[in-house]
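Next come two complexes built around chain A: one with chain B, the other with chain C.
Presenting the complex of A and B:
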């Protein structure tokens, strides 16, 4: 394939790397955001809800430009790859927090009292009671979001990351065959999203079967 | 951040707001009927038609919007179709709208029970009248929320027009920032514009055009009508 597409393998690694990196940042950052959004203090929950709303109301490209050119121009110089992971990661945290929130909302409040009255330690309570219920609820939306993130990672090419889209662009400029080049690049993205959906279904079935 | 530059930045970006909204509306007007058509086609009894519809939908939903714009802008001239950046963007966003909303419409079509088809046939409705009077209102009730969400996503997607030099909000922001080097103020202002439009659209749908309860024509029985009391 490298003969057909100069630099394809490195580009593939960049696309997958940005997607997974941003997903990881999002999965971790979403925990405090979710916690804050469920807080009983109106100031804390209000701030978290405002954060989620603001992040989701502004295009991803604006966040990337703000981080890469805005911050990068002054206080926090970031390489394009790092800026892409940071920007997409912050955006993911808002979307993933909404997914966590919907999962937690589906668990009856009485279970918290039950866990307390049984004096279950936090670790086993989380592992044996909460997670087996949460995972089947959050995995399908998480996997759709991951596929969305994979597609959004194409924006990294605009700030200079040599990802699949950038390689397609470079190749199309030299081979003058944009139709074929971008169709193949598009099909590679589609091909990459298939295992995500399959993995989510597999893990979801497994967890559901064990619970 | 240079607060004094904000009025000038907003004036620079303002024409881009019209372009972004125009692109969004054009893609919705052209794309929604196509999405509904694809949803109907994807349920056609003929297998080749179904497979074709499925391929069109999955390709449109599966590839990044940016790659789709490049495909149209740099690819179509090869087959003799030369379009300006704006027309290319309208084509791309229309296709995206058709592909994404076909799934929304498919969900709506699934929610309509099969018995209705027999009822409609036995009452002798013409196909178009049945669609307009019976299926479409039910479809829109189910699809309303997801379609509003899509409209907002689409407005944000118009920022991709930057990549093919459509003079929308982000293109203007980038050009302004590249001259003044005031990237953080410019892109913050651009973000604030998208935020304001998004919240305004949500407000309009929530307050001015709230979801209506299904309207039922009152069926008066002979005994509970106003004459019954007399």
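Presenting the complex of A and C:
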């Protein structure tokens, strides 16, 4: 395959790597953002809500340029791959924080009353009570977001990452068959997103069976 | 109403609750003696549940104070903040709550519902907590429910699971917020019987209820609230025989108890 389609395996690795890397950054970074957004201090929650709003209002590509050309220009030299993971990761954190936030809001207030009246400390309350109820709520939107992120990872090609889209472009330039080349690239993206959706359904069903 | 003041377990003093600038509870004072059952009755919107929720600060009182066993409860930090919740944990360990809508944990079995706080709040080991949970479930006739999720149990069973969950933590007083209001009438008898059983065992209870028969038969004292204030009350037998205010008399007539 690599002979027919020059650089395909490396490109596949880059696309998957950027998507998973950015997702991981987003999932982790979204935790303090969500925590801050729910703070009882207006200054803290205001800052978090502003962060979410600002991140979501600027095109993803502009964030990538800002990090790669802006910060990368001198302050924080990043390779294209690293800049793509950082940029998409920060953007993801804002979207994922909104998913966490709406998930927490969907848990009935009575659950919190019960947690407080039983005097459960925050750690066990989160681990034993809130997270198990949160997971089935946030999983479907998280998997949709992951599929969106996979597609957004193509933007990394613009800052020079040799991902699937970039490799498709390079190959089309040499083989002069853009239709076939990008059909194959498109099919590979589909092939990558199907398992994400399937996994989400599988886990969702498993959780639903327990409830 | 006055007994040996040394036996006063819960003292609610001048407590107010404000919602949207309106006082739904207006400077209410109330004492509960150890071993006593006190029923709070009155029309909807009288502030009964709000008052009850101030006892363990699920509702932050706008004024007044709560005293448990002679000590004032003073939460720290901003209401709703982690510091606030943490500062209340010691007090809340001593106060059980049974809610109108049960508020069981839907993803845990009945047994796990009764175990979880024992382990994480009282530090009991799992085996000990399980044994205690089974004993409480058995005491409330819930042996067959132990392995089921709350959603697989009837409303009456779910509320008894919630009672077992509270009892397993050895609270000094249990608050009941309309414990039968969300249950089919034919099933509420099993919950009321459970409450009767607890009363007979000398467990201190403060019960917001619309069940006049229960208030009359089981409660030692009745408090009648209307418009955010206590307007009548006294020893249950006397109150239902001869309410001293026109407002209480009207209420009892309306619910067919006078």
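Annotations for the structure displayed:
Simple rule for what comes next: the second predicted complex is superposed on the first by the 204 of 211 C-alpha atoms of A that agree within 3 Å, B and C clash if a C-alpha of one lies under 4 Å from a C-alpha of the other, contacts with A are read in each partner's own complex, and residues count from 1 in each chain.
Rule of thumb we're sticking to: contacts are C-beta pairs under 8 Å (C-beta built on N, C-alpha and C of every residue); 3 or more make two chains touch, one makes a residue touch a chain.
This one's a predicted model, so the numbers in the text were calculated from it and none came from an experiment.
More chain A residues lie in contact with B than with the other chain of the pair chain B and chain C.
When the two complexes are overlaid on their common chain A, residue A:113 makes contact with chain C while staying clear of chain B. In the superposition on chain A, contact of A:121 is made with chain C only, not with chain B. In the superposed model, A:65 makes contact with chain B only, not with chain C. In the superposition on chain A, contact is made by A:132 with chain C only, not with chain B. Shared-chain residue A:165: touches chain B; no touch with chain C. With both structures placed on the common chain, the touch criterion links A:41 to chain C but leaves chain B unconnected.
When the two complexes are overlaid on their common chain A, residue A:51 makes contact with neither chain B nor chain C. Within the complex formed with chain A, the residues of chain C that make contact are 56, 58, 78-82, 85-86, 88-90, 92-93, 95-97, 99, 101-108, 116-117, 119-121, 149, 151, 165, 169. By the touch rule above, chain A contacts chain C in their complex via residues 39-41, 108, 110-111, 113-114, 116-122, 124, 128-129, 132-133, 210-211. Listing the residues of chain B that touch chain A in their complex gives 58-59, 62-68, 70-71, 73-79, 152, 156-157, 159-160, 162-163, 170, 173-174, 177, 181, 183-184, 187-188, 190-191, 194-195, 198-199.
Those residues of chain A lying in contact with chain B across their complex are 53-54, 57-63, 65-66, 69-71, 73-74, 150-155, 157-158, 165, 168-169, 172, 176-183, 185-187, 189-190, 193.
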